[in-house]
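Here the structure is laid out as structure tokens; the discussion comes afterwards.
Letters A, B, C and D name the chains as they come in the text, with residue numbers starting at 1 for each one.
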Amino acid sequence: MESNSNILPRPLRGIIPPMITPLLDRDTLDVAGLERLIEHILSGGVHGLFILGTTGEAPSLSHRLRYELIERACKQVNRRVPVLVGITDTCFAESINMANKATEAGADAVVLAPPYYFPAGQAELLEYLEHLTPELPLPLFLYNMPSLTKAVFEPQTVKAAAQIQGIAGIKDSSGNMAYFHRLQFVLQDRPDFSLLMGHEELLAEAVLLGASGSVCGGANILPKLYVDIYNATCSRDLETMEILHKRIMQISASIYGVGRYHSSYLKGLKCSLSCMGICSDFLAEPFHRFRSAEREVIRRHLEELGIIKKQS
Amino acid sequence: MESNSNILPRPLRGIIPPMITPLLDRDTLDVAGLERLIEHILSGGVHGLFILGTTGEAPSLSHRLRYELIERACKQVNRRVPVLVGITDTCFAESINMANKATEAGADAVVLAPPYYFPAGQAELLEYLEHLTPELPLPLFLYNMPSLTKAVFEPQTVKAAAQIQGIAGIKDSSGNMAYFHRLQFVLQDRPDFSLLMGHEELLAEAVLLGASGSVCGGANILPKLYVDIYNATCSRDLETMEILHKRIMQISASIYGVGRYHSSYLKGLKCSLSCMGICSDFLAEPFHRFRSAEREVIRRHLEELGIIKKQS
Amino acid sequence: MESNSNILPRPLRGIIPPMITPLLDRDTLDVAGLERLIEHILSGGVHGLFILGTTGEAPSLSHRLRYELIERACKQVNRRVPVLVGITDTCFAESINMANKATEAGADAVVLAPPYYFPAGQAELLEYLEHLTPELPLPLFLYNMPSLTKAVFEPQTVKAAAQIQGIAGIKDSSGNMAYFHRLQFVLQDRPDFSLLMGHEELLAEAVLLGASGSVCGGANILPKLYVDIYNATCSRDLETMEILHKRIMQISASIYGVGRYHSSYLKGLKCSLSCMGICSDFLAEPFHRFRSAEREVIRRHLEELGIIKKQS
Amino acid sequence: MESNSNILPRPLRGIIPPMITPLLDRDTLDVAGLERLIEHILSGGVHGLFILGTTGEAPSLSHRLRYELIERACKQVNRRVPVLVGITDTCFAESINMANKATEAGADAVVLAPPYYFPAGQAELLEYLEHLTPELPLPLFLYNMPSLTKAVFEPQTVKAAAQIQGIAGIKDSSGNMAYFHRLQFVLQDRPDFSLLMGHEELLAEAVLLGASGSVCGGANILPKLYVDIYNATCSRDLETMEILHKRIMQISASIYGVGRYHSSYLKGLKCSLSCMGICSDFLAEPFHRFRSAEREVIRRHLEELGIIKKQS
């Protein structure tokens, strides 16, 4: 079998949406919704698809359902863009199992945050990567997400990890832009190493100052918007960049700000996709979809943003 | 099949050690070590056994290995004491799968911390318990461990949860004694509800002021010590209680204080059991056993504590 | 001048209430209220008085007002019990200024938390104490309050600090009982060193297991209750101790739990004293007294607790 | 007396360095060093000077010394650029005292972070500003510094505060760029309101996307560098901007990264200025200047950066 990694650009450039996982109930995929969602996202001209990340609620899904999703998503994408699969797990062996499933299904890379129950020290994290990476059949992207994993990949750890054969890049969702610049600084002699910004509000400046791309949740709803700002930024069209940046801030302020708790972002995304007729808004436990009051607020925001038509 | 819960005392009283998981490598049980360890613990007169908790490294173990451990441990215990099985998972369905395995194997109760990737709000946590508990075939103990799960079971949430049929108690490992007293305060009309102290340094005072028992990691090494302090405290023998409390503090200061990082406690426990000839000290990723320098320090501490004989 | 420290017992034993500061407005003492409050507290048989701590809102008061309070309080107490004065400041020189004022006014000891703007490391904290203590004319109590100062006095740092001439003890308000036991453990050969529990919900067990006394805010309202539980605990009257412990938990659950934010405890204390006719409930900025709705709740709780008579 | 605020541009644009405070010992200004430092900074073409901020170690300085600094600095600057004075204090009345001193000395604005001992809620913070601002004789800049004050000015709070007469802008030192964009978003109809980036590594992108200026500590050492990147960014000279941004990252990685603890940044700044022959490197307690080993590392970094000449 030819290596999938041949088709993975180094660095991976552009917009790689972290796909939400359409669910009918807590252990059932919304298969039709999944197909519509993938087509909707790809129609925006994105450069890759990342499944089973935080936005994909991966930790809340059973292994069985994750396997099913990997298969269906890879089949639906059908190599039109690279597919990246989240394999983060608190258990080493389960991460490898997931990576093997991803390989069988035809995915192009895997993505891994630190084990998220026990917080590991930097030396422990590096050793973990040194042990894990050789057992992975696909290129690996690190995933920095300290607010949820309790462990950060320090820049010096990333620099050392970038020497490990098989580690292709890092996606940073810390929201800490100074950290991101430090990553860029320590990796400035590695133009092949992908630096992906995981915070859509920081997309423009990250790409302007050297990020290779962005993993942005809003691209589930408006894939073309994020592709457009990426292109405008790459071509140094600052005027367009600023206009689109404001639109992203508007989406963030309206769609992700409804409801309380950490789950607002996820609920807002899924609710929007449901209002747009693309897929179900069911969330895996411990979360639940918006009730009708919040859904009405989301619907109104989507109308104001011109994403759906006003109800008459 | 008769209900296992018939044999579970309400409340569950006494010392219920959180067993470490003896491993030969990252996905292989140390079967002989496991048998020796269970016999060693039970020989101390403990009142129950808790497997697959934090001390058991449950999140770092594959589901397959966890199933194997449940079966072997229940078989080895053979109903001499109640067996409690940790079913904490970020995925609802996986927790139920684990509870079903525990039931089949003959366990007596299950133990559940909040899903630990996405931090849930209190209303979300309660709803989670309302959905999960009816699907569990065994009595459920809540497990409060905010430093690792990022979510606390607030006293009012526990009070509400105690109304749910099937929830039998709570194990608190927050180390926050004021919180524990608040739990006792809001549950003072529920003498059947188990309040288990998960921090061995707080065992004496917790039991003295009303806890029904304690889940204490040191009981892997010295089960009788913890049973003795429990009994002394129950019988209001304050003099003995204080002497044994100091011994617990000494163990904590010496055995758990070697090395850096959060993993010192786990490494110290497993290293001690290995020095005592009971089982392997292999740790699951992302941790690793102590190297020879730290092992020597542990060995010396064990000698000074009179737990192993001096090497001549 | 004779040394004040002659009258300070080593260790300092018993109940040392952290007095709230009665205010008429943000820079004016409630002088009459202050006199009534001191007499009310001393009438309970307390063993000392601690002014200008966290409960005394010291950081929110001008230096001028703090000086006035020190003078008036020392004069009113008139050596009936030792007076301890908080001198915590972000500025070294201001802490010394405050200690000098305390000495002039006839206080018996000073109390110091770490500088609370810049979080210092342990080596920096120890060096700070080595520089500061020789310049203080009164014995010094350390004040561990990590939630507000962002720095903890680690047990090994306290052990080293206890060697510094002039450091007499530590008050721990971390709420971390395992930490408190570790302090006791490393200081077990120093029976003269005061270990004061700063969390009233942990008073009983701390004293039972070796604390010399307690600094408990509720003693502003009910000084005798805290003196009684201290005495019951010292004489190993566990039955009385448990009854009084429950009453403390009840006060905590009712009086300190009204309103939102961190300020509930302070607002509840001051509101209670106002309802009891002792002093004004004005709080220094950035806080404000309870409005009438919350005041009604507090009044009802005080009635239920039998602290004030029911309004007819 | 004519209003100082007449000369304060709305918004305040450009580079406003947060000046370190040159000290000879813990309560003595390095007067000659102060004069040299101010001339050094102004020679770089900066647009203002901010004294008594975090970089100025304000909380560690006595009120007396702060007053002396305000007078000397304002006299030395002599209205060549606006002077902003930090008045942050845990006590309301002391902040007003400091603002009055600043006015008398001829300063142009004051800067205020939340009271930093008791963490206030958002409603409490807004009320605090509503009470304080009318009593201030100079325009007020808010100062967002959550890591040290434990309280954040939430965007909606800033939006409401911007309606208060006298509040002229905000300096954000959170390092949270998404937060900064949210501030910009909620204040987009207030072009007169100053948005100052307090994190030099984020200067370029902040100005590019709409910040009016930046408060950057490195400008103590290299004022012209920060003025140059500001100008390049304003004129959309992206190539120059990127080159200078990399130089800023290099300074950050080398000068601020020596030593342990939070104090590395401050020690690195003061040590550099001492190596450059500008002023003393004495730090106020609880910190201390670098010892010779670290000083050698800093000296070598400064040589490599071309800031000082190689020793022959």
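In this text, a residue touches a chain if its C-beta (ideal position, glycine included) is under 8 Å from a C-beta of that chain, and two chains touch if they have at least 3 such contacts.
The shown structure was predicted, so the numbers you read here are calculated from the model rather than taken from an experiment.
The chain with its C-alpha centre at the largest distance from the centre of chain B is D. Averaging C-alpha coordinates per chain places the centre of chain B 50 Å away from that of chain D. Centroids of chain C and chain D (each the mean of its C-alpha atoms) stand 36 Å apart. Across the assembly, chain A contributes no residue that touches 2 or more other chains.
Two chains count as a pair here when they touch; such pairs are A-B, A-D, B-C, C-D. Residues of chain B touching chain C in their complex: 175-178, 181-182, 184-186, 188, 199, 201-202, 204-205, 208-210, 236, 238, 242, 245-246, 249-250, 252-253.
Considering their complex, residues 26-27, 54, 57, 59-65, 90-94, 97, 114-121, 124-125, 127-128, 131-132, 148, 150, 260-263, 284-288 of chain C touch chain D.
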